[in-house]
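Chain naming follows the written order as A, B, C, D, E, F, G and H, and within any one chain the residues start at number 1.
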Amino acid sequence: EFAKIDHHRHRRNGFPEVIWGEGKTPEQIIKIMQAMQRQNQELQQPLPVMATRIEESVFTQLQTAIPQLNYYSIAKIAALVPEYLMLQKSGLISIITAGTSDIPVAEEAAVTAELSGFQVKRLWDVGVAGIHRLLSNLQYVQEADVLIVVAGMEGALPSIVGGLAQCPVIAVPTSIGYGASFNGLSALLTMLNSCASGIGVMNIDNGFGAAILAGKILKTANKINHKQK
Amino acid sequence: EFAKIDHHRHRRNGFPEVIWGEGKTPEQIIKIMQAMQRQNQELQQPLPVMATRIEESVFTQLQTAIPQLNYYSIAKIAALVPEYLMLQKSGLISIITAGTSDIPVAEEAAVTAELSGFQVKRLWDVGVAGIHRLLSNLQYVQEADVLIVVAGMEGALPSIVGGLAQCPVIAVPTSIGYGASFNGLSALLTMLNSCASGIGVMNIDNGFGAAILAGKILKTANKINHKQK
Amino acid sequence: EFAKIDHHRHRRNGFPEVIWGEGKTPEQIIKIMQAMQRQNQELQQPLPVMATRIEESVFTQLQTAIPQLNYYSIAKIAALVPEYLMLQKSGLISIITAGTSDIPVAEEAAVTAELSGFQVKRLWDVGVAGIHRLLSNLQYVQEADVLIVVAGMEGALPSIVGGLAQCPVIAVPTSIGYGASFNGLSALLTMLNSCASGIGVMNIDNGFGAAILAGKILKTANKINHKQK
Amino acid sequence: EFAKIDHHRHRRNGFPEVIWGEGKTPEQIIKIMQAMQRQNQELQQPLPVMATRIEESVFTQLQTAIPQLNYYSIAKIAALVPEYLMLQKSGLISIITAGTSDIPVAEEAAVTAELSGFQVKRLWDVGVAGIHRLLSNLQYVQEADVLIVVAGMEGALPSIVGGLAQCPVIAVPTSIGYGASFNGLSALLTMLNSCASGIGVMNIDNGFGAAILAGKILKTANKINHKQK
Amino acid sequence: EFAKIDHHRHRRNGFPEVIWGEGKTPEQIIKIMQAMQRQNQELQQPLPVMATRIEESVFTQLQTAIPQLNYYSIAKIAALVPEYLMLQKSGLISIITAGTSDIPVAEEAAVTAELSGFQVKRLWDVGVAGIHRLLSNLQYVQEADVLIVVAGMEGALPSIVGGLAQCPVIAVPTSIGYGASFNGLSALLTMLNSCASGIGVMNIDNGFGAAILAGKILKTANKINHKQK
Amino acid sequence: EFAKIDHHRHRRNGFPEVIWGEGKTPEQIIKIMQAMQRQNQELQQPLPVMATRIEESVFTQLQTAIPQLNYYSIAKIAALVPEYLMLQKSGLISIITAGTSDIPVAEEAAVTAELSGFQVKRLWDVGVAGIHRLLSNLQYVQEADVLIVVAGMEGALPSIVGGLAQCPVIAVPTSIGYGASFNGLSALLTMLNSCASGIGVMNIDNGFGAAILAGKILKTANKINHKQK
Amino acid sequence: EFAKIDHHRHRRNGFPEVIWGEGKTPEQIIKIMQAMQRQNQELQQPLPVMATRIEESVFTQLQTAIPQLNYYSIAKIAALVPEYLMLQKSGLISIITAGTSDIPVAEEAAVTAELSGFQVKRLWDVGVAGIHRLLSNLQYVQEADVLIVVAGMEGALPSIVGGLAQCPVIAVPTSIGYGASFNGLSALLTMLNSCASGIGVMNIDNGFGAAILAGKILKTANKINHKQK
Amino acid sequence: EFAKIDHHRHRRNGFPEVIWGEGKTPEQIIKIMQAMQRQNQELQQPLPVMATRIEESVFTQLQTAIPQLNYYSIAKIAALVPEYLMLQKSGLISIITAGTSDIPVAEEAAVTAELSGFQVKRLWDVGVAGIHRLLSNLQYVQEADVLIVVAGMEGALPSIVGGLAQCPVIAVPTSIGYGASFNGLSALLTMLNSCASGIGVMNIDNGFGAAILAGKILKTANKINHKQK
């Protein structure tokens, strides 16, 4: 028994366990997916079954065993989506990238958020070297309920966004860059040291975690909402 | 003119600029505090004027110029508190520490949150070496709308809390430790790599930023709330 | 003469020299294995001849020269097992992993311990993000005479286990993770800084060494035992 | 309530909680010590109450409140020792240092082990630059049931001892050194990479933890011992 | 003879040698200053004699021996200024800081540039958390012939300025910050990885070097200028 | 829309946006190049369209869609060069390498500078281990208006050149080396710490950025020039 | 002209320039080798022409152009050896490795030393985990005029040898190891911090440089020798 | 017994043990010095007794107990010098520094070498920013039998000297510098990566070790010398 699936994570944390695909064999992923699917069917839970970091070639193998599996190729996510995805009551998650190369990480966040039932808006390639690109899209910053800002290299974009936004900002450093970017370390340190207060930082390339945190923030909002009525 | 006070930060970000006390002379701090006080009086804004990282000896000097200044000695915060602190509508921020030595950072968060008008609960010294101390206080985890978890040394507590909580978790590494803790680096890396998904990480010892993020989360909740009505 | 086999290590250290397979040619491994086999036969020592970090393709080459060689594919260990493995008198080694991806390192420990003649119990995938998985398996922690805890990413599991166990805990960080896990550095620092006292830490991915240390601990127990009678 | 004393650690882990003195005020240390003393008296437990990293000047303040407190000045440990220290059944812990400057860390281990009721032998200043000093004291290595080896600078001594010993070796890097020793990092890495198998490594300067692990090893020995009878 | 003064540096590099004050005794500084003064008098060169990193208390000692010495207290520079400072033909150096705490480094640059005979403009405390402070001062960016941008913490300001400026940008990271700023490392990496192309980066806190580079740039401009006529 | 091309960068910064080829698909590069080409044609701007870090195999794919594309194989640059390249008024950029292996980075700088319309001189393989090679080519140092010095391994060459040159020196560390060169970190640190004052440092292997900075320096020269007339 | 061959290095440094093969094309290596060969023939210098880090497949290509080229496959050195190798007057270089995997680096040293005309003795695989292997070969340590000690992992062997030897010890860390060996960093730090005084350390895997230093030491010996007569 | 003095080091290594003063109490230093003095008197060995890293205030305390003690204040060495210092037969050690601030480390080397009986020449402050200062003192490089080159900041001087010298070069990085010099790390890496072959590197600030290595080199020379006669 190589895996102890955490079948109650959905109850405890508000989102089912998600399979981290890297370093697992296709066979292992198939077995875990099928066990989670079975559990969802038994309990009649309309929950997605999701795996991240799935290369195209791995997906092809998974699909043979689980034909109804979807693939989000830029996000590298494979997912079994229930017929009626449990829709979340409210809240808009806006996702912004500094460059074109940061899009895969941002898409990991976007697909995770959408599979969690949230509304998502995308704004790509508005990094600080041409700050007018962000300033002419300020409505993305202003109408969001949570912002996810994804950036590699020097990772300065979350600081600018954080200085302009009312809502919480989640910063995701990416491993995009070369030389002294040290595979994302430079962007990570930038975000941790942001002089714009109140930015929550994720691990390098962790688009998935950013979406989960964004979802928790919106659910807390809805919970408070209920209590007040 | 050594400082350009960001008088509109309150409008843009929901919280006024806060003075970072380290590396400023008492004279500089006094001048900035007085300028912010004046601005608040003119606009009749019931906002706190706050400075962090204020040593006791510095406070004594500030107090001579600004007699009505309060001092929160564990948090090392000096603040001018308006008579009627603008009360925030709703939401509970619970703050948890792993050890006794982490309390100053946690108090920086607690005082900042309280001066922002939020309700705060404190749970100190429930680190993972005696996990029953957390398990027998689970109501702190369950009733919170946002959790701030503060830990030094190996910094494992946010992972445990993150695995048990529905609400967003903000992790604050502290510089407490010795040897291979490398002044908080160990705790920081632990939190960034947490296998409990959706934890937002702050800079080492940044209790202040954690409170600001927690406040932004609760304000987003209230905003969504309004839109829905 | 490219290798000076340490034929007396068994006498000095209680376990024969083991071949580190990485970076050696199959020819070198075969020559060393045969020399050790010859020595064991001459001295009629029922000792295993063991090589770690052996890829499947390398094993195939070794097997041509040494047909009776066994292969433990998850542990990546190749071994010549004597007909009657010298059984150790007493002691149970329990091995626990945080995740599924940590199993290869844990199996390196498990197979090494078993080839040393010890009884081994395995508990996989009970990491801190779902702490109930460990808590509902506490008997593994309580009945063990030595615990080996294997974890990647934030590496927090040994701290929890260390806080619950009477017996010695050996912590093995793994290189599993991404981004700021820095190939196991994060887990390593966590374990070195554990606030649960008395945890012995091994190099990253060093399941083998953990088993050797566990074996030395149990042999010391037996030695004291003898002296007392 | 700034501390949640872990009164049951003794039952769970075989040794009572020990106060980490660095970064605590004398008042805090006194309060914790008195609470633990009270608990021991109520339950009639002959357990030591111990604090580490206590500077001489801090001890003087503690002593005013707790006159019967002992001070171990090289180890920087303050302890309330019960009249009859619970004696451990068996096992010898030998502690070895590479240099003279490593003695304080070694004494932290030695005093902790003695207050735990174990027999301790000390061998100081036998580092690898004059290996004959160790070789002419081999009986320390051979008669020990557990070895604690303490070294700074290049930290090579545990590798030599590990290659000569039957019993478990616990390696403690110290922050002694300069330049590229990087405050103990060099010695720490040396010990983690030791080609002598089965060495458990502690955090830099963590003599205390080494003694706790040594104690757990000897208790496991005694436990197995009992089961067999 | 503890110092070989590089009396021809002015000819080779366009600026005389400057004394690095840190780690030199007042006696050493005085001797070097007097030797340089003598040389300037002999050759009738109207050059400043300058020492950086001079604490106030050191200056007091220097002044006793060299009464006509000037002190720039924020920049921590002591200098003998010739009656007629050789005026440079043309070019404006604008210096910008992100925060108030970065001013000392910026002043080291400003005073060095002024003593080199250049015109300097100062703009303090316009960091990225309140980007409007920079945007409402864009004329500083546009009219400059060289820009020196000084920032600590996340060090993002040069990226923004670099994206807006026609002229060369010299970025100076400062050691201002805490935790994961690692004494300026975070700001340094940000600047090296800037996605705004063509930013030259200096060592942490090296305001002096930035001014020398700015001066060389303007002198090259003047040289080309001459050739063309 | 995966890219927001910064069509006005040429106006703001004096050089059009350049495509960073690494991590982009050939399709993405083609689309961006064609959009920039269209823009240049519409506005009748004689500007190059340029992509860096283009492997030979990628270029072959690009060429199918854009037949008039040029390839600079050592520099790994692909570019659409306008019939009449806008010639810059004045200034000589000399580029110097320490070794033969540094040439690709130096060529990235050289080609970028030439496509920007500047005159370039090349001096390869004159590193410090045979300093006479530089000393016998001093005219390269003396006649330059800007110097770009490219070096890997210990990266000492810019210090020597910086001590000999009147004009600004731009230092580019390369990732050439092994062992403790840590992929260019050693050369980078050397250049940041240069005791020759006034050297601007680029990211590791960033020949492109060095050329852009050199170009900005020469344009500033021309601008001042104009103002004076 | 991609290379400025340093034809006089032999005169200045006592050994001709040697080609660093990594990162050069076979064509480049051939051209440089032929130029050096021509120079040696013209000046009738019986000097070797040597290239290091030459993979077997590269050698095959070189051999087509230069048929009389020799290949030392373990050392990965290709060399043109003159008919009569200039024999050095005196001195024995002994080379010792800790493990079998360190042999390639040691052979790089050994072949370089032999091509320099020195006498070499080899002792492989006598690392510190079985220190008797060194102690039973002490004559290697005692009869040497210079010792080169090569070790990976924890790199402790030079400390032991340094404590036993009269002659100079040159320490070469290798990249052999895993996990916290960080590709040779651990061994490098060990050697730099050696408490055996007077060990000269080389870059990671730099067997070549060790041999050159050893050669310089023996030549100095011979030079002094001459002066005395 | 806190120290095991290595009384035979002189026989084994050619130089007596030297006391590392940092972190030892004056009492400890006195006891060790007196024991070594006694041993020298008994065996009638004309050997110095030496302690390094001795602050002036510590020396004053030592002198009370050992009145004939000498103090070398720049080198921070305290030594008992025998009436007739055993003179070494031959060889000149030249010591060169890059800056004025590097002199204390260089003096540690110089005094150690002189107390070892060697002839020493000193050349201070000839760093690479003004390379003519070295070039006009080339006789220091040419007449030396061993060179010790001491440099902080970027540490480039040994590369230049190494490219010019016939004799062995020992490089000593110093902790002089600021910012990205990281307390000597930058200079250390530079020296390890030197493209001038055959430079032996010491730990940061280890002037002592450099002198010991230089001494061993010259003794090897004399030994070979003897064998030949």
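Rule of thumb we're sticking to: a contact is a pair of C-beta atoms (placed from the backbone, for glycine too) under 8 Å apart; a residue touches a chain by one contact, two chains touch by 3 or more.
Just so we're clear, the structure is a prediction, and the values are computed from it rather than from any experiment.
Of the pairs listed in A-E, A-C or E-F, the one whose interface repeats that of B-D, with over half of its contact pairs matching by residue number, is A-C.
Of the two chain pairs shown, A-B and F-G, the one joined by more C-beta contacts is A-B.
Here the spacing of chain C and chain G, counted between their Cα centres, is 37 Å. Centre-to-centre separation of chain A and chain D, using mean CA positions: 45 Å. Centre-to-centre separation between chain A and chain H, using Cα means, comes to 58 Å.
In chain C, the residues that reach two or more other chains under the touch definition are 12, 129-130, 162-164, 179-181, 185, 188, 192-193, 196-197, 203-204.
Each chain pair that touches appears in this list: A-B, A-C, A-E, A-F, B-C, B-D, B-E, C-D, C-G, D-G, D-H, E-F, E-H, F-G, F-H, G-H.
Across the complex, chain E meets chain A through its residues 98-99, 127-131, 153-156, 159-160, 162-164, 177, 179-182, 185-187, 189-197.
Residue ranges of chain B in contact with chain A, taken from their complex: 12-15, 18, 89-91, 145-146, 162-170, 188, 192-193, 196-204, 208-209, 212-213, 215-225, 227-228.
In the complex of the two chains, the chain B residues touching chain E come out as 1-4, 6, 8-9, 12, 17, 20, 22-24, 28, 173, 175, 183-185, 188, 203-206. Interface residues of chain F, counted against chain G in their complex, comprise 99-101, 103, 124-126, 129-130, 132-133, 176, 178-181.
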